[in-house]
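The chains carry the letters A, B, C and D, assigned in the order they are written, with residues numbered from 1 in each.
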Amino acid sequence: MMAGNELYVATGLIVILIGFATVLVKRNLLKIVIGFSLIDSGTNLLIVALGFYPGRTAPIVNNPDMLANRASLLVNTAKVVDPVPQALVLTAIVIGVGVTALMLAYVVRLYATGKTLDVRQFGRMKW
Amino acid sequence: MKQIISIIAIVTIGFVLWQLVPIAMPSGFGAVTHHYVADGLKDNGGSNLVTSIVVNYRGFDTLGEVTVLFLSVSGAAFVLRRRSGLEVQEPVPASEIVQTGARMLFAPIVVFGAYIFVHGHLTPGGGFQGGAVIASGVLLLLLANRDRALPHGLLSWVESLSGFGFVLAGLAGLIVAGSFLANKGVLPLGQWNRLVSAGVIPIIYILIGLKVGSELSVLLDVMVHAAGDEEAN
Amino acid sequence: MVNPILLIGVPLAVAFLLPLVDMLGRRTARAVHLLTLAFELFVAGEWLVQFLHGAAAVNIITGGWAPPIGINLRLGPLEAALVCLAALTGIGSALYLAHHEEVGSLRGLVIQLLLVTGAIGLIMTRDVFNTFVFLEISGIGTYSIVIFGKERSALEAGFKYIALGGAASTFFLLGVAFLYKITGTLNLDDMIHKLPMAVVAGTGTVLLLLMVGIMSELKLFPLNGPAIDLYDGVEPGVMALIVGTTVNALFFVFWKISALYTGPAWAAMFASVGMTTFLVCNVLAIRQTRVRRMLGYSSSAQIGLLVFLVPFVKSGEVALSAIALLLVNHTFAKAGLLWLAGTHGGEKIKEWKGAFSDSLALRIALATFVLAMTGLPPFPGFWGKWQALVGLAQHGHGWWIGAVLVGSLFEFVYYFGWLKEALTPAETVPRGAVGSPLSEVFGSLLYAGLAIALGAKVLMQVWGGFKTPAIFLGAAGFVLLFIRALPERFKAALTLVAVAWVAWGVFAGARACPLWDIRGFFLVMVLFGAFVISVAGLGIPAERGSFWGLFLILVGSIIGILYSSSLLGFFAGWELMTWSSYLLVSQGRHGPKAGYLYMLFAAAAGLLVLGGMMVAESAGVTTLAALVSLSGGVALAAWGLLAVGFAVKVASWGAHIWAPGAYAESPDLFTPFLSGVISKIPIFGLAAVVARIAAPSVATAISSISVAHILGWVGGLTAFGMTLLAVFQEDMKKLLAYSSVGQVGYVVLAMALLTPLGWTAALYYAVNHFLFKGLLFLAIAGVIYRTGVRTFADTGGLIKRMPLSFIAVLIGIIALAGVPPLSGFAGKWLLYEALMDKGWLFLTAFMMLASVMAFLYCFRLIHSIFLGQLKDKDRNVREAPWPLLLAELLMVIPILALSVRPQLLIEPLQHLVTGVFGVPGVRFASAATMTTHFGYFNAAAMMALVVVLFLVLLFILLTVGPKPTKVKQLDIVYAAEVPPSPEELQYAWAFYRPYERAFAPLLKARVTAFWHGVVDVVEGVAEAGRRFYTGNAQTYVLYSVLFILVLAAFGLAR
Amino acid sequence: MPLGIKIAWSFLGVLVAIAYGLVIAGIIRKVMARIQGRIGPPVWQQFIDLGKVIFQRTATRHGWMFYLAPIFRAGGGIGLYLLIPVVIGVPALSNFSFNGDLLLVMYFIFFGSLGMALGAADSGHPHSPIGISRGLSQMTAYELPFALAMVALAAQVHSFSIHDIIMAQQGGILHWNLFANPLAAIAAFIAFLGMNMYAPFNIVGAPQEIPVGPPTEYNSIFLSLMMSGRAILAVAKIVLYMDLFLGGAHSILAAFVKTIIIYFWSVFVGAVFPRFRTEQAVRFFLGWPTVAGIAGVLLVLIR
């Protein structure tokens, strides 16, 4: 096992890159949307990984004594992972859902108007 | 040609971004995080620290997040507001077993979703997760029977009032404790690990759950009916 | 005061509730929407007032936690102003869209409101991740709302926009997350504080990701492809909303976050990317044929300019107000133009012919926005640009200034190209706001009004209040613009009164200021010219309702120039004069096209003048008087730029191609002023500005003398070349136009002598030219008014019908040709004496040739119109209207007075010239005889000689021989044949054909060909360059990746 | 000298000059005839012609500009003559030259031409404007070498005063500008050919195409004024050339000899060369004569 969280960070990065590759190379609009989903997922994984500390637990206070005992609360800071990235990712996921939904809606309408899913057919406006 | 350039560019940028990996290595908490972890329980009375952050410390983000969802549902509905003009295949009705099963499962799923958002301040999960679970129940219904009409009026009321409630809860904080979305001092924080504790956090999370559930349901409805109906709005 | 958090809370709550409100009816929903926006405006406005009175910015915490634990927001003056703009634009767009959206779009209403809210959140938040959230709100709001409009285009553009936006937000989010990891905080202020201490390897890459995210949201080059499509494909009202809300907010985010970026590398990167965007987008915009696509490029360019300025503002080199003014200006003008574009509906620029010809207010709004966009005064952008350039100049960023000026020139090219179409009358029924309700155009009118009001306020700070003549006339003109009901002659009378009133005030107060300094000299000319034109206007009604309003604004602006003591005041007046005269020129029948060319060269001249002034500013000089203190290379550079600028504005050879069209095609009533007065203002510039630099350095720097020699040859070439071209004109106004340009060439030449005698000659010549050319143009205006034709082939023999006009023209051409005994000879005499005195021998001979050539066109003019055979169609033509004759008389009187006593003018000039050089130009051997080193001249004796000879010979003619019988028109010696019709007897077409053949090698249109070449090159570059925007979504995303790589290659990813 | 007496002298001078002008015009007709192998009219034929037109019984006129033009023409000639000093040292014959320098003289030449052109054009006869167009074209062309020569002279003497220019040429024949600045003189004397409108530069009145040229329509008393004006104009020009290049004159005799010489220069050239077309004439003057003029100016600059 690796010393820290390289595995997750690296995986996140690679997923992002795969997502970008999909977006840039695939011609099908739906696949491009999937590419963006991959980018979102990779990003989320990477952000969570940023707050990951090997061997620690979820940031939930599971011992009532802590409330009374400030010292043990402080100990807790060494026992749990960073909760902030998790909170951020929660937000990011929802946003990702929203964007994906909109993209899909666009794809539906683009298909309806252009009768194709080839991204190259939607470049009439240029220059 | 462009694809080759794209691949080369992506590989190159992969190398550039690789520099970031060392930054991601575990390091100590910063002062802010330290405060969240050390004093989160004291400040908000909820044992789920992530929830404390999401609903209180960074509650303003969450309000924005709810707005994003609301907006994207509105947007999707807006984008899909016109008749698509596509040939719609007459859906093959699902079998009786599937339809019945879906109807049966729907209620437990909704209850489970409610459970998740009601306990958001205590256990993993929360309004978004719960809402998503509820919406998955709706999705099941829709998959089983495309023609099933959702109670638009009800969904609309829930959607609007829960969002409004969220803002009201924030304003309550402003009026009572002098700060928008404040928790401490608005309602008693209660005792650790009780369902009724953590001040307004569970209230807000319930509102979020309702809102997310109803909104995602509307979204699914819009998407499902995108291909034929007039004016999803 | 209302808690600022409600600026976000209230609209969110309303947005959530709007679906329920909608159940009460759509009208109610709309009303609630508008009320909410009004609430935002009220709250932000109230705070803004507080801030302007010195209140401190408020910090708003959320969740009950002070930052950095909780998220906080801030409302300061900038934030409040931006929120106001967002709310205003929201209101305007809501009103507009109510007329344009299809039935039943409650969702649209919600999205509109949330767009405004998202922008407000972006503006106020001080948290980095919160910024991301609001970025997404704005982004998704944009993705959703752009679907207004033609669906296929909107969908296409929207999808590209989402694709690039998705990539951008990923970069941004990664940046935020890693910054959190590095600094342990998400609060912006905390992060700014902690980042320098927490820098680790890779921080640069993180910052780069964040910045590329913002830059691509900001639509900077090369990431602006989708945004431009968006402008093109989406309902313009929606784009107006986005410009007023999201775009401003995004820029403000950039501004806030840029605090994280310290060090020269980042500053250089911001400046370079911003300037590249400004230049590239402005160049590419000139090849656009579609209005909204052009506006898209323009928006990118403007944001680029703002981004470019950010590092300089941060370093304290440029005032913050520069950016603020430019941003406000852009919002007003761009949102306004977009609304107008939507109301009009013409997608192609060609379709804009005669736009809004049924609505005065909308025409004024359109012109206002175009002027504001191109950075002309008095609109806020002008002041912003000036401040920015001054800041750059004072800190030695000369090359950046050059780049800004070049980019600005392209702005003129495409914006005025568009306005040209709009000003061109439509052949068919024009499209436009036929019956467009007030609420639809409310936003445009409001923004036009605000731009004017804000601009006027600043202008009055620079020039003074309503009691100053310039402002008084400008304001009067502005009011007159709106009065449509009055007959044009009555408006002329009002103009007359206003001008007379100002003149009275000026000369009654003349005791307070030394009238006969150079300003006073030109002031008299301007006021007299304006007075004469107004008198003429009593006879010939102006064709367009806005003529007199614009004319007063023009006169006011010229007076503003003359009264200004600061460089800023001078330049503001200069540019005001440029656009007001441009609009007047465009009122002619083929005016818009000619006016366009005029505007381009005038703009180039303006930018050169601006450049020269910036050189002066770089040496700390801010007033005209202080120009004297310049020395060395700075003086030479300032001198050169200013002189070239003024030379372009007087249409010196090489830059003359604008002039004939502008003079010929402008309204007949305006041409005398354009030729007589406006062409003299650059001469004032040369005299008042350039000479301040040059005069002291004459003694010291040899270099400036040789530069003066070049200027002299330019003037000489102009005089010769334009005279030659005038000879072959077939159109009477064109002939006089070339003549005017040539005549001013003499003045430039004399000015360039930089000797007391030279200046005496120049100023005498200037006045004289003003008189005789004004007279000629007035008389020609009468001929055109009565006969309706302008080409020589269509007139002839009019002496029989219009004898007084003939006499006016006769006096005019004698004065022009410099034939004794009229006043023109003194001008020629002074010029040659001055040239010889200076030792410029070849120029002397050259000018003698040019002067003689002028006879050719003088005779052509008077012969083809008045002499020869009267045509049958003209048998009933009447003499010109009496007010016009009166105006001509007003010009004739001074000509005759000067003919007898040139001293009337030369004596005051002696004072003036002595004031500049320390010695007078000519001496007086006796009361009537002027002498120079080279010669002498007694005008009174000359006149006496001529009069005596005339009387004696007339006596002989009357007494000796038989009394002559008058014969009929066709009763001529005609080889015993019956003469054909008058038309066939008139020798008028191609009058100097043999001469033309002789000069054929000189007459090749080389200059025109040169400028065509320039245009071809620029257009070729623009045409090739715009292929960069392939229209493919994937390419655009690829650009964003490549952009990161390029910046990383520059070493920013560290 | 009191003004009255001066005016009287000038009046006399004008009359003599007109007579002289008519005489040399007669001489030229005679000489030309002899060269062409004809006997030719008597020398005083011009006086006969003048008398004839003055005493014609009818006169016709067109517009009022037509009426006034002869006044301009004659006034222009007389005025020009009055601005040029004829004999130096004799106040009576220095005319009114103290009122203006060479520049005034150069410009006053145009006064008469302009008036004549206006009146002729008012007649409505198409030949008039055609002639004027040719005349003006040619005039601008010879103006360039002429102007260069004048500039050279003025720069040399550092004055535009004709008197100063004459004075600078005193002290021997080699001081004459003809020899002091031969290049300028060449330019000026070629320009003189154009000024006099004899062949090869007689396209203006080209007898075979547009008889008489611009003044086609003039008759009787009008024509007499024009003839007088033309005669005195010719005299004024040769006097001017004498002053500028031949060192002026100290006596009437000297003036007579020098002016005759100058005049015959154009007569002889005219007798030898055929007519130029307008554009040929223009190109001619802008060619070598101009080069000579430029060289003349350079000569002054080098000194």
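Remarks
Methods note: a residue touches a chain if its C-beta (ideal position, glycine included) is under 8 Å from a C-beta of that chain, and two chains touch if they have at least 3 such contacts.
Predicted model, so just to flag it, every value in this text is computed and none were measured.
Among the pairs A-C and C-D, the greater number of C-beta contacts is found at C-D. Averaged Cα coordinates give subunit A a centre that lies 100 Å from the centre of subunit D. Centroid to centroid, with C-alpha atoms defining each point, subunit B and subunit D lie 105 Å apart.
The distance from the centre of subunit C to the centre of subunit D, with each centre set as the mean of the Cα atoms, comes to 53 Å.
Residues of subunit A found to touch two or more other chains are 16, 20, 24-25, 46, 50, 84, 91, 95, 98-99, 102, 106, 109. Shown for subunit D are the residues in touch with two or more other chains, of which there are none. Shown for subunit B are the residues that touch two or more other chains, namely 6, 9-10, 13, 17, 20, 24, 29, 32-33, 36, 58, 61, 64-65, 68, 71-72, 75-76, 79, 82. Chain pairs recorded as touching, per the definition above, are A-B, A-C, B-C, C-D.
Touching subunit B in their complex are the following residues of subunit A: 4-6, 9-10, 13-14, 16-17, 20-21, 24-25, 46, 49-50, 52-54, 58-62, 64, 66-67, 73-74, 76-77, 80, 82-84, 86-87, 90-91, 93-95, 97-99, 101-102, 104-106, 108-109, 111-112.
Listing the residues of subunit B that touch subunit A in their complex gives 3, 6-7, 9-10, 13-14, 17-18, 20-21, 24-26, 29, 32-34, 36-42, 47-50, 52-54, 58, 61-62, 64-65, 68-69, 71-73, 75-76, 79-80, 82, 84-86, 123-124, 126, 128, 192-193, 212, 219, 222-223, 226-227. The part of subunit C that touches subunit B in the complex is made up of residues 3, 5, 9, 12-13, 15-20, 60-65, 68-71, 104-108, 110-111, 114, 117-118, 121, 125, 127, 129-130, 133-134, 136-137, 140-141, 143-145, 147, 151, 174, 178, 181-187, 190, 200-203, 205-206, 1034-1035, 1038, 1041-1042, 1044-1045, 1048, 1053. Those residues of subunit C that touch subunit A in the shared complex are 129, 133, 136, 139-140, 143-144, 147, 151-153, 155-160, 162-163, 166-167, 169-170, 173-174, 176-178, 180-181, 186, 229, 232-233, 287, 293, 1026-1027, 1029-1034, 1037-1038, 1041.
Against subunit C, the residues of subunit A that register as touching in their complex are 16, 20, 23-25, 29, 32, 36, 39-40, 43, 46-47, 50, 84-85, 88, 91-92, 95, 98-99, 102-103, 106-107, 109-110, 113-114, 119-120, 122-127.
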